[in-house]
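Each of the next two complexes has chain A plus one other chain: chain B in the first, chain C in the second.
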Partner chain A sequence: MSSKFADSAIFRRNVPEEKIPIEDMAFIVEGNSAPLLEVKDLKKWFRVSKGAFSSGGAVRALDGVDLDVRVGETVALVGESGCGKSTLGRAIVRLLVPTSGSVRFEGENLASLRSETLQKKRRDMQFIFQDPYASLDPRMTIGDVIAEPLDIHRICASRAERSSRVGEIMETVGLNPSYASRYAHELSGGQRQRIGIARAIALHPKLVICDEPVSALDVSIQAQIINLLKDLQTRFGMAYIFISHDLNVVRHIADRVCVMYLGKFVETADKRDIFGSPRHPYTQALLSAIPVSNPRVKREKIVLKGDIPSPANPPSGCRFHTRCPAATEVCRQVSPELKEVAPGHRCACSRMM
Partner chain B sequence: MAPVDKDSAGLFGPDGLAVESRGFFADSVLRLCANRLVILAAVVLAILAALALFAPFISPYDPMKQTLADSLHGPGAKHLLGTDELGRDILSRIIYGARISLSVGLVSQLIACSIGVLLGAIAGFYGGFADTLISRTMEIFAAFPELLFAIAIMFVLGPGVINVFIALGLLSWTHYARLVRGQVMLLREMEYAQACRVCGGSNARVIIRHLLPNCFSTIIVLVTLGIPGAILTEASLSYIGLGVQPPMASWGQMISTAQQYVSFYPYYSVAPGLAIVITVLAFNIFGDGLRDALDPRLRR
Partner chain C sequence: MGDSGTVVLSVKNLQTSFPSRNGKARAVDGVSFDVGRGETLGIVGESGCGKSVTALSIIRLVGEPGRVEGGEILYGGRDLLELPLGEMRRIRGNKIAMIFQEPMTSLNPVLTVGAQISEALRLHEGLGKREAMARTREMLAMVNFPAPEKRAKEYPHQLSGGMRQRVMIAMALCCTPDVLICDEPTTALDVTIQAQIISLIEEQKSRTGAAVLMITHDLGLISEMADRVIVMYAGKIVEEGTKMNVLTNPLHPYTEGLLNAVPRIDRDSGTLDVIPGMVPNLACLPEGCAFRPRCSRASEACLMSPPRFETLGSDSSFHGVNCWLAESAS
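This part shows the complex of A and B:
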């Protein structure tokens, strides 16, 4: 680890249990200008075999993505299903091995790390899964599920220490520690998702990737879980990559938003800019699709025609031109780059330039 | 960890959870006991196991002791199931035969299970070349007619109980391998397996802690349903003289000998035949019940 990250490391190991005022957090974020996570031109292509004698094509699930995440911030990835949000999340923690590009965590390229070093790095990067049912082993007690990361990294010296740590973590996420000897199938969806969160924060990671953590839950439970995630962030100073297709949730939790379409970012900006002055036609269409609670408010909805094209055979030029209400001849031919249109606000649309 | 409160009167505690927290096995046993036929089969199997274990204390005569004067006696007070051509007590020979049949069934399936689970897990988890190699080997093994294959192995190894274990083990490992391979391929994509890898868990940990325990119920059912097949194959091998060698008692071999006397002394073949039928039936019923009880879809 290079010296400029030492400060944050000391801070993390020594004071993880105490509440840290938000102002202090902001100071830490400012003080650490180098990003925690740096993703450069990341690509993940899935080869498709058509048969024994032809090699077939490739599904370009992720086609050149750059992403920086700073200490303690929340970056939301939004987009339709199939646009590559989850693939990006999984490629970052190396659940999927990227086809090309680099993922640097605290300045170290994860692809070049040997497996033992990668295993140590994994303490600092955790994942919260979408499905609170499939993500918990039905054969394990809740205590064992939460203790698994502790076991893998051999953190607890004794069984007594292990169970007291598990109890502590369970209280942190709002679970009754007496549930530790129960099985996951005895609990509700919201409680199960709390277990998933408990497992993810057990090692006090610096980055947590939340892959649609609330989309399988009731709306009332969603709010509880989102608030829990926000509390934990204030307490432990974790950075989140928050994958979602629900813009209302994103508005509530994100600091920055990246809008994805067919394996590429089309617009990235601060939350305020994305929701206040969206530039890309796709972002505008997504925002106009958010339901409004007041039925008297009339709004002009931008309805996109057709389906998301197949990532195995993406359209030429701008990938969005087949559905874009403002597409021109240029869009059909030139693939727009992500360009800064305002400070901190980047957009990939030929009409912006 | 606080103990679970079991004193509460209702089924559900104030926290809305079932008061009695039942583990996987307690839950399955409970469901298993709900089926009366399965209980009957379990009782039969328990009796068979007791007969095999305590054969020297239970059997009325020494199964090897020949009394030529009493040969081919029908059932009576002295010999409950009669005697064979050498005057040996058939009941005693059947009790001792249970030892052979049960041990052949269990040991051969345990051998098959160990080979099959190991290779199946490797093939399913790693895929690629390992999978191709193991799957093709499996197909080659499965392409042989079972009995012919067993005969060939016994021919190479020579007759004897240990060799029957090995032959039957080699015969049926493909069933386990194929099943475990499929299950592991399915389960390795489950999010809980991926969660283990994100935490830094090794492949071995994912397989041993997560994948195999979740295959366990299917494996145990396959063992239970594999045992009767092995018992039948052992009986067939002994019948044609390649299995257990005389004077040791085996049900298949008894039927084989009894065949010569079937026209004028049918009792001789009925007793070992019934023993085989009852044992195989009990295992099959118990295995079926076990499959129902362990089916995860029936769990709350």
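This part shows the complex of A and C:
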């Protein structure tokens, strides 16, 4: 975890990267905190073909996103369904080919890599999917599911080594190794999600993208999986991109939080700043909408009007202005940039300027 | 609490079970509760604890091979379980209405939403086609549908999740029910839409004075909406009481575990407390207390026999718990 570095001034975003003296750059590399992943102006538009029911055009699922992830940290992407958070996760590992923009992993531009080299890089980037029922092949035994990445990357020399590795990995994620010969349908949701995690960490990746890993699980099981993810991170030093709509979970697991709305970041900051002093009206509304289980806590709720607009036809100016309680004429016309409002705290709102 | 104090619906010793390969699975096993006019009763628990089956038993929609085997459901002085099917149909969707979790699967995809809402009005209130359509538009406007005239002619797939749930609510409320059963009404929705739907349900409750049965796994929702709470585990009520009592002073280790397992926005913490293991198979429950294998405070007594329901506190701050620990303490 890089949290011990998080407070040193150099890691605050107010120091522009170009201005860091060369000696300090060396320190960053040594301190294992150079960006592991650098996403620049990433866009993913889905073409909609012209047909009987549509006039054609593009759905701008992802419309210019910058993101850095450092070694061992957890960055959460939050937002409502349709805001583009899953598209971003998939575009990073090139499960989706981005329309434009660049993704650099350990300094290498993934778009420029040939497919064999990309596959080697993928060893270090793994994905945990939301639905443990849909993401496991029902005809493969659990042992085979977990061994699949080992097979693809030809890690094990013999069958004996393969099965002992699988057993080890299963124990790491809290599964009984004797389940290796069973099938996914024989297990509960929580156990299936452990298989998904086992498969993702089998190759000791540097970055794991977790797409809503606990939202399909019951609360008591959810807590087990969250603790497991945190524990694995401390042991193996992986970075997580944690995609979730559940801010309670995000508060628990994330170091930094990026709030998305209609394909763009509206606010990014340290967890403490996002939860302690949210700046963007959307973040404020999201936070206030979460029910608190302590009946003694009384909070003022900001109830947003309407639904999230269609990304095929986003509103003019600030994309949030149609639902924003504080929108002005300016918001209808000018699209705000993501600007620093406090050290390490960026917000895209015209009223902040 | 039930402000006016009149009990609208009373469930007594409800037993519902499903046959399974390993014997009978008692999905609901001896559940009893009352709901008063204008009151919201929350039922919490994890999947498989029997909360949805309880709701379906009340409106007699438990699917084959499941069967309500015993107990009484008293509404308007009559036992719903004894009513002939025709009479039950007159009550269901009319006086006792239900909002389901997944609006996409519970709406008919080949009928317009207007047709689906007006069907209930024509069936239960005997309205003509035109009158029913007019009332439908009123109902859609009431649940904050933009452009109800136009939207009434649309099909469910043309609407967003929040809109579909509004259609469900309009449908459930169009005959002014006495009892509104909400089964996870916001689980499939985003938080901002959840907030809209909750305030809508609250608004309609205070307008019609309906009793609301709020079934959810979200303790936060319970805290915001309910007056009283029932916590279920493996088909039984393990704890019951006023919202304040149950959520701030939980007596059952399961309730306590649930509260601690949820990451909370109002509290920072390191690792989450975990309830080890998982919900048991209902067809072969552990001996004694069903929660024993997962309970950190289980003792000899818990193995011997299932605990009895202990009640504490007075009427206004009622608190009951189904645990040997509470018994030994009192």
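Quick notes
Here, the second predicted complex is superposed on the first by the 317 of 353 C-alpha atoms of A that agree within 3 Å, B and C clash if a C-alpha of one lies under 4 Å from a C-alpha of the other, contacts with A are read in each partner's own complex, and residues count from 1 in each chain.
In the analysis below, a contact is a pair of C-beta atoms (placed from the backbone, for glycine too) under 8 Å apart; a residue touches a chain by one contact, two chains touch by 3 or more.
The structure displayed is predicted, hence computed values, not measured ones.
Room for both chain B and chain C is found when the two structures are superposed via chain A, with no clash between them. In the superposition on chain A, A:E148 contacts chain B only, with no contact to chain C. Of the two partner chains placed by superposition, only chain B is touched by A:S181; chain C is not.
Judged by the touch definition given at the top, the superposed model places A:S81 against chain C, while chain B stays out of reach.
Once the two complexes are overlaid on the shared chain, A:R199 sits against chain B while remaining clear of chain C. Residue contacts after overlaying the shared chain place A:A326 against neither chain B nor chain C. Put simply, chain B and chain C get as close as 7 Å, counting only Cα atoms, in the superposed view. When the two complexes are laid over each other on chain A, chain A has no residue in contact with both chain B and chain C. In the complex of the two chains, the chain C residues touching chain A come out as 46-47, 146, 160-163, 190-196, 198-199, 217-224, 243-244, 247-248, 257-259, 261-266, 268-269, 271-276, 278-279. Against chain A, the residues of chain B that register as touching in their complex are 1-2, 4, 15, 17-18, 21, 23-24, 190-192, 194-202, 205, 209-210, 213-214, 216, 296, 299-300. Contact residues of chain A toward chain C in the complex are 80-81, 188, 190, 218-224, 226-227, 230-231, 245, 247-249, 251-253, 275, 285-287, 289-297, 301, 303-308.
Within the complex formed with chain B, the chain A residues making contact are 93, 95, 118-120, 122-123, 125-127, 129-131, 134-139, 143, 148-149, 152-153, 163, 166-167, 176-183, 185-187, 196, 199, 203.
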